[in-house]
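Okay, so here's the structure we're looking at.
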Amino acid sequence: MKKNEYSLQGASLTKFFGTAAVLRDISFSLSLPSSLAITGPNGSGKTTLLEIIAGIQRPTKGTVRLFRDDTELRRPWHHETGYVSPRLRLYDELTAQELIEFTCASRSTLRNRADEFLAMFGLTGHRKKMLSRYSSGMAQRLKCILAFISEPPILLLDEPGSNLDREGKEALFRYLESVRSERIIIIATNEKEEADFCGERISLG
Amino acid sequence: MKYIYRLVYIVMPAAIAMAFLYAPPAEGLGESSRLLYFHVPLAWVSVLAFSISGVLSVLFLFTGNGERRELVHAAHNSAAIGLLFTVLATFSGSVWSKLSWGAYWNWDPRQTSIIVLMLVYIAYFSLESALRENPSRQRIVSAYLVFAMVTVPFFVFVVPRIFPSLHPDPVINADRQVHLESAMKISLMTAIAAFTLLYGYILNLANRVSAINEQKKGDLR
Amino acid sequence: MVKTIIAHIKKDFRIEFRNRYAVSVSFSFAFTTTLAISLAAGGIPFSPQTHAVILWVIMFFTAMSGLAHIFVREEDRGTSLFLRLNSPALAVFTAKLLYNVLLFFVLQCMILPVYLFFMQLDVQSPLFFLGYVFLGGIALSSSLTILAAIVARAGARGALFPVISLPVSLPVLWVVIQGTSRSLGRAGFSSPGDMVFLLAFSGTITAVSYLLFEFVWHD
């Protein structure tokens, strides 16, 4: 099997809201495997930068490009990324099981690791519960599962530890540690331990 | 090339002079027939402006990766001019209709078509203002215009079957009902050329304003 | 891809089935409008042509009330981001198109008997009448689906949807009103061209919608 070499490059990313600059001239270059922490005070544009990388927002200037084996992939390449964010909302009317099945079918991946992931994040007993009955911590765990289950090469995590208890955080970082050698991981955070997990760092603001 | 529109300085006065002085009044319609030289070109530009907006939107969506924003601005400007000309064409048409057929509004196919055209323009501008906050506004608005343009052939097919016509048909290549005298034909052609040039002139001007605004936005940063 | 599309259809219907308020509001709207017209008419006999016009005005505004919902829900509840990140646009649109066509069919099935019952309408050629009504329904719902996607992304949706839909649906409405009034009266079925027209319209509009949907859907 051919090994996929991914590299992710951001060039002079700038974002204005009206006339106010949120990001000015941010550049980075990451190739697999690597990990990057985006830190900075509230309002410094961490989420904006992550959303630009994810392709949810468009930068005012600059580009984000993703290469696989030296060929550039065309946007939207959402299927190459797993995205966790407080802004992500899930369907309240579905159960965890149904959401996992839906995500796998949408991304055309096998769902044979569903049980393993559910066990890893301690949701096995809650798989048949509707999301409207989930607590915010449980929902956060499920978001992680949904982002990881298709095993995308790039993980974009916006404050992944929010709402998680100690046990949840441990499960999250145990997983990240185990795939660290085969992913590009970008974490936007102000938690010291999350930032310390990453090899590189961009400080905003 | 873009100076060609300045010909309007010459052609427009010529067209007006010809409409009032050179062309003879049509039989049966009298002096009111001189409306022909303004109404027909106005209607023509309404349709032309719509087509050009549509084509520019197609180009914006399918070429240049969505980066060629000047195309959207041009499409917008063309539609704005089109809306103005549509209103003028409807107005001049209904006046003429009153004079020759006795009522301001008859649901004639061409009257119907121009009202539908007006509805499309209104929908386009409403949508544009409702999307003001949306970063992908330009693509959505362009997609709507393309979508509306696709329905035009269906209108062309349906309208004449639903609404019986009063218009001399077809006006320009008269072969059956109305024979335009050659002096009238020449005047009409001149008027159409003049109004097309006027459209190009205004569009060119509006596009330059849009470019300056865009530049100003960039400079503020 | 087929599996993906099926998963989307399943998801949309499952969610709809579990919180039925949206569909039931559409039903109530259709029912109330039909009743309002019948009550206002108060038993005045209408010509077939008038009946056709009134029936289709009801249908059009029922569509306006119900067909945007499938996209508006995703935007309002914030789930559109999740959908955008995970799903191919093709699957999203196919599921929503199917949903809308089916929903409108069901709505029509509700409006028709109510209208026929209260307006004491007797149909001369029932088969052609149903043909026009349902083909017209398909043409209308398939052309309105992408407009629903557009409207969901804008402000002032309730007012905007009819404004952008009317110019596009006019050819369908004209043809279908003529056909319906013919099938109500004695003239019966005179032109197969109308049916072909409705099918051609639905087909073309759907094809173009697929082409344009990506521009509307992705940021």
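Here the chain labels run A, B and C in written order, and each chain numbers its own residues starting at 1.
The rule is simple: contacts are C-beta pairs under 8 Å (C-beta built on N, C-alpha and C of every residue); 3 or more make two chains touch, one makes a residue touch a chain.
Every value quoted in this text rests on a predicted model; they were computed, and no experiment measured them.
Asks: If I rank A-C and B-C by number of C-beta contact pairs, which comes first?
Replies: Of A-C and B-C, it is B-C that has more C-beta pairs in contact.
Asks: Quick check for the class: compute each chain's Cα centroid; which one is farthest from the centroid of chain C?
Replies: For chain C, the chain whose C-alpha mean is farthest off is A.
Asks: In terms of CA centres, which chain lies closest to the overall middle?
Replies: C
Asks: When the C-alpha atoms of chain A and chain B are each averaged to a single point, how far apart are the two points in Å?
Replies: Computed value for the inter-centroid distance: 50 Å.
Asks: How many angstrom between the C-alpha centroids of chain C and chain A?
Replies: Taking the average C-alpha coordinate of chain A and of chain C, the gap between them is 39 Å.
Asks: Nearest whole angstrom, what separates the Cα centre of chain B from the Cα centre of chain C?
Replies: Roughly 32 Å, centre to centre.
Asks: At which residue positions does chain B touch at least two other chains?
Replies: Counting only residues that touch two or more other chains, chain B contributes 135.
Asks: At least two other chains touched by the same residue of chain A: list those residues.
Replies: Within chain A, the residues that touch at least two other chains are 57-58.
Asks: Quick one: which residues in chain C touch 2 or more of the other chains?
Replies: 218-219
Asks: Taking the touch rule as given, give the residues of chain A at its contact with chain C in the complex, in rising order.
Replies: Those in contact with chain C are residues 54-58, 76, 78, 81, 83, 87-94, 98, 101-103, 105-108, 130, 146.
Asks: What does chain C use to touch chain B in their complex?
Replies: These residues of chain C touch chain B: 143, 146-147, 150, 153-156, 160, 163-164, 166-168, 170-171, 174-175, 178, 197, 201, 204-205, 208-209, 212, 215-216, 218-219.
Asks: Spell out the part of chain C that touches chain A in their complex, as residue ranges.
Replies: Per the touch definition, chain C meets chain A at residues 1, 3-4, 6-8, 10-11, 14-15, 18-19, 77-79, 81-82, 84-88, 91, 218-219.
Asks: In the complex of these two chains, what residues of chain B are touching chain C?
Replies: 61, 116, 119-120, 122-123, 126-127, 130-136, 139-140, 142-144, 146-148, 150-151, 154-155, 157-159, 162
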